[in-house]
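A, B, C, D, E, F, G and H are the chain letters, set down in written order, and residue numbers restart from 1 in every chain.
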Amino acid sequence: MPLKVYLSGEIHTDWREQIMEGAKTLDVIFTSPVTDHDASDDCGVAILGAEPNKFWHDNKGARVNAIRTRHGIQTADIVVVRFGDKYKQWNAAFDAGMAAGLGKSLIVLSPPEHQHALKEIHAAALAVAEKPGQVVEILRYVLTGELP
Amino acid sequence: MPLKVYLSGEIHTDWREQIMEGAKTLDVIFTSPVTDHDASDDCGVAILGAEPNKFWHDNKGARVNAIRTRHGIQTADIVVVRFGDKYKQWNAAFDAGMAAGLGKSLIVLSPPEHQHALKEIHAAALAVAEKPGQVVEILRYVLTGELP
Amino acid sequence: MPLKVYLSGEIHTDWREQIMEGAKTLDVIFTSPVTDHDASDDCGVAILGAEPNKFWHDNKGARVNAIRTRHGIQTADIVVVRFGDKYKQWNAAFDAGMAAGLGKSLIVLSPPEHQHALKEIHAAALAVAEKPGQVVEILRYVLTGELP
Amino acid sequence: MPLKVYLSGEIHTDWREQIMEGAKTLDVIFTSPVTDHDASDDCGVAILGAEPNKFWHDNKGARVNAIRTRHGIQTADIVVVRFGDKYKQWNAAFDAGMAAGLGKSLIVLSPPEHQHALKEIHAAALAVAEKPGQVVEILRYVLTGELP
Amino acid sequence: MPLKVYLSGEIHTDWREQIMEGAKTLDVIFTSPVTDHDASDDCGVAILGAEPNKFWHDNKGARVNAIRTRHGIQTADIVVVRFGDKYKQWNAAFDAGMAAGLGKSLIVLSPPEHQHALKEIHAAALAVAEKPGQVVEILRYVLTGELP
Amino acid sequence: MPLKVYLSGEIHTDWREQIMEGAKTLDVIFTSPVTDHDASDDCGVAILGAEPNKFWHDNKGARVNAIRTRHGIQTADIVVVRFGDKYKQWNAAFDAGMAAGLGKSLIVLSPPEHQHALKEIHAAALAVAEKPGQVVEILRYVLTGELP
Amino acid sequence: MPLKVYLSGEIHTDWREQIMEGAKTLDVIFTSPVTDHDASDDCGVAILGAEPNKFWHDNKGARVNAIRTRHGIQTADIVVVRFGDKYKQWNAAFDAGMAAGLGKSLIVLSPPEHQHALKEIHAAALAVAEKPGQVVEILRYVLTGELP
Amino acid sequence: MPLKVYLSGEIHTDWREQIMEGAKTLDVIFTSPVTDHDASDDCGVAILGAEPNKFWHDNKGARVNAIRTRHGIQTADIVVVRFGDKYKQWNAAFDAGMAAGLGKSLIVLSPPEHQHALKEIHAAALAVAEKPGQVVEILRYVLTGELP
């Protein structure tokens, strides 16, 4: 039975592609949020109608996106949350908290300069990695027992 | 039976005191993380022994703090998460996610300039307020039906 | 330990007062939604700011009200849902469904003319009553074994 | 893995067929209650024996139908609840409440004239649509990230 | 905090009184079903109206009784189920199964002649006693560590 | 996805075979306890070693059987519990209670002469049938909407 | 509301008394297994009758003890598990696993020489202490924010 | 649907291979921890970077291993825990406790000389075996009803 891994976090770099490429021979099903930034922001109003008020514009889209992200987290065996060096990324931290609340195994992928700010989330994680390749190595080890 | 409210978020301003003062006639029990910043950072090493590596210094403390914060969130009826205008505040977003994952009612207290970055967390909340006084008003209304 | 009973349903008649008066010697704690109709409709905008769009005006208030109603249902031992002869009352049926989903004991209070339309909700209930006095009798029996 | 979507609500129009037709290229499994109105009303007595009392006639059938509907809701990833412009539709509102109580993602499909009466259910939903086509668009976006 | 003990089983002898008397100095709150046999059988029709059909007469009463018994089992720390030497006692076995399904600690009180027929229920129990006094001794030991 | 149905109850007649035969064209997976009476009684000692004391002989076997029956009940969508006209059948009633405690849909198959003794279990069921053929009809209706 | 702390582990030294004494001014309710070794071993046979077979003698007692220990763990906010330098202590490790499975906050109290053998249990803990006094300090910090 | 069995315990003998070989004709999927002892100890530092402090070296690895073992236990229908005659094996006892906390069916495989030290874990198990062949026989019986 494949391992189900949800990849949460910033959608501005190709970190997911790096992991999925590195894991292509492993028995893993990857899920993630929609990574097209404009589609993600506008999905609510694009489908359900415009909102002149930015708060409600964003709210409509966030709730539609939640259908996908909550399904991803709830069905995951492992949740990987990536923190990059830019952006507030509060939604990533929120996903990490939701995963922890649901008892999911959590892997955090973050750069060292964020260590102190991420200490609580690191403490909740079963692994803290700095590079996507390490996440692949963890998945390979978990599935096959092989180490790099 | 008193309403149990957990106040999560930045520990650098007196926003909790404002809420507790305003709610002092209400039947509410407030809990919160330890708000003494140095104690919070060093509780792990202060009790369990020094760690020369900053990562483990922070990890030890974060895990001891988690005993208190997870208890607060798990026993709460309502979780209030405050986002100020400074700091990364990823632990606050994490708490919000944990609250959501546990099915708790969530109130977010945040300034308008963070609206777009907090859209996912706002969407998970039952109320989004800008000022502590509004949180007090919500608690008063929930308990007594009175409006300002 | 007192029995906790949540009284859900229309807020246009005094059915709750009838039950609470009849049960005043019983060891029961009653909770209910806010029964002041205007306060209930406007609580969101009154506390958190006006919304020119009626949809969002209502949404803001419904979410603030949900803090109270979900707490009432989640902490209840018994949920009583009343259907009167007026109004759509979809929120009452929604509360009944939530109670059933949470495994709560459900008592429905409804007039005979709604029997067919309420058949699914009646089927989920442990008792179907027509008069508030019958609800009181059920509570008295459950607590003391006494019958009328 | 296919998305499992339960379509709850009135069984008097072809709204389900519209959604299933529009979604036929998507990886979705749709479930629904029995949509043959007479079969739905009489399934209990047809299989388990006649009941002269209408209440018990309806009760028998409602409980047999509950085997199917509760299975659909419990196994669903997403529950869509449709409110049309006719009928009391309390069973639809009940299903929405059950879905909410079970933490399912909820999409409501309703006409604008019911907005105020549905405010509580709208507030519990992750999307409120007016047309079946919008539900299809949400499912397409959730599965593929594509917008209309 | 007192230990909450639910006493399920036949209501034709005074076995409950024996246990409660023997445990009167212990910090225990005992709950039980209604033990007045006629009231138990007729509570449904006495409160909610007569049913000429015996099946529905019994069903109405059983569902009203379920409000009390399910509350007793759900809130119990320990469920004691008594099997006497008479009667079918399927409702007692049902309560034992419900307690097991809910993860409650189960104590069975039964005579030796039922051993083989009760083997599955004995296997689910944490203690199998023959006399009420032994149940009291178990409660005393669990609370105080004292043995007879 | 096939419906998973657990068939609990007496293992002395061919009621299961009747149901499985009647349902052979339906998308159902049936599970049941081991129906070889001697194997069921002796499985514990046959595998794990003799027990001179009948209580422990039965206990060993009951616990091994529990591995299979609990798996069947926990994974079932529907639990059918049959009460015949012989034997104490407390383990069947226990299974019904466990199913109810786990929120499973319950169908009871019992003869009319047991109606009063089974009133509590009937009240917890979504259908009460007298003949195996009726159980088949319910499954057919639930899966296809067809009635006899 | 007092913090509920369960003290699991070897019953051959006074480590519990050290913790309870040090925490006597804190708002904590401590629970523990029965610490009288002979009573703990013989409680089953002392109350329910002798068993010539040592396996069943021990089994009877272990199940009666489980009533108390499972209640302690299930109701605890924090579970402290102590590993001393003697004895197999598998029941302590089992309690730690149960606490982890139930999502309880875990504190492990163990000597350094067991570090490698306890690595998995240490990894599941929120704090690893070597001396009872440190456990007291953690409880004081969690309750009051004060550090030594 | 295959039975999912997690094999926990010492990784120094071939007991798993014996079970899997004996069960090769049965519809079972076996999972286990990584059984290469050095890989298991060093997986954390091998992937995520060296730790000079042995405690953190072990902690890093234990947490990475937890991703695999918790997944195995959480998805298992049956958890088999083996205690050999060497080593502390606290992680095995911890796994047994976690399985019990999660309501999994537990089979313990242990030598007679450990009977008294394992009495609590034996009491939580549905079967206590001494030889791997007996575990195979239990699985065969559970799946097919056949006895040796």
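Please note the rule applied: contacts are C-beta pairs under 8 Å (C-beta built on N, C-alpha and C of every residue); 3 or more make two chains touch, one makes a residue touch a chain.
Keep in mind it's a predicted model, so treat the numbers as computed, not measured.
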Hey, which pair has more contacts between C-betas, A-D or A-C? A-D
Out of E-G, A-C or F-G, find the interface that copies A-H, where copy means more than half of the contact pairs are identical. E-G
For chain D and chain G, what's the span in angstrom between their mean Cα positions? 49
Determine the centre-to-centre distance between chain C and chain G, using the mean Cα coordinates as centres, and give it in whole Å. 43
On a C-alpha centroid basis, what's the spacing between chain B and chain G, in Å? 31
Touching at least 2 other chains, the residues of chain G are 63, 66
Listed in rising order, the residues of chain C that touch chain A in the complex are 53, 56
Chain D - residues contacting chain F, complex: 29, 34-36, 39, 42-44, 46-48, 60, 63-64, 66-68, 70-71, 75
Chain F touches which residues of chain H in the complex? 1, 3, 77-78, 105, 107, 125-129, 134, 137-138, 141-142, 145-148
Residue numbers on chain H that touch chain G, as the complex places them: 54-55, 58-59, 61-63, 65-66, 69, 83, 87-102, 114-124
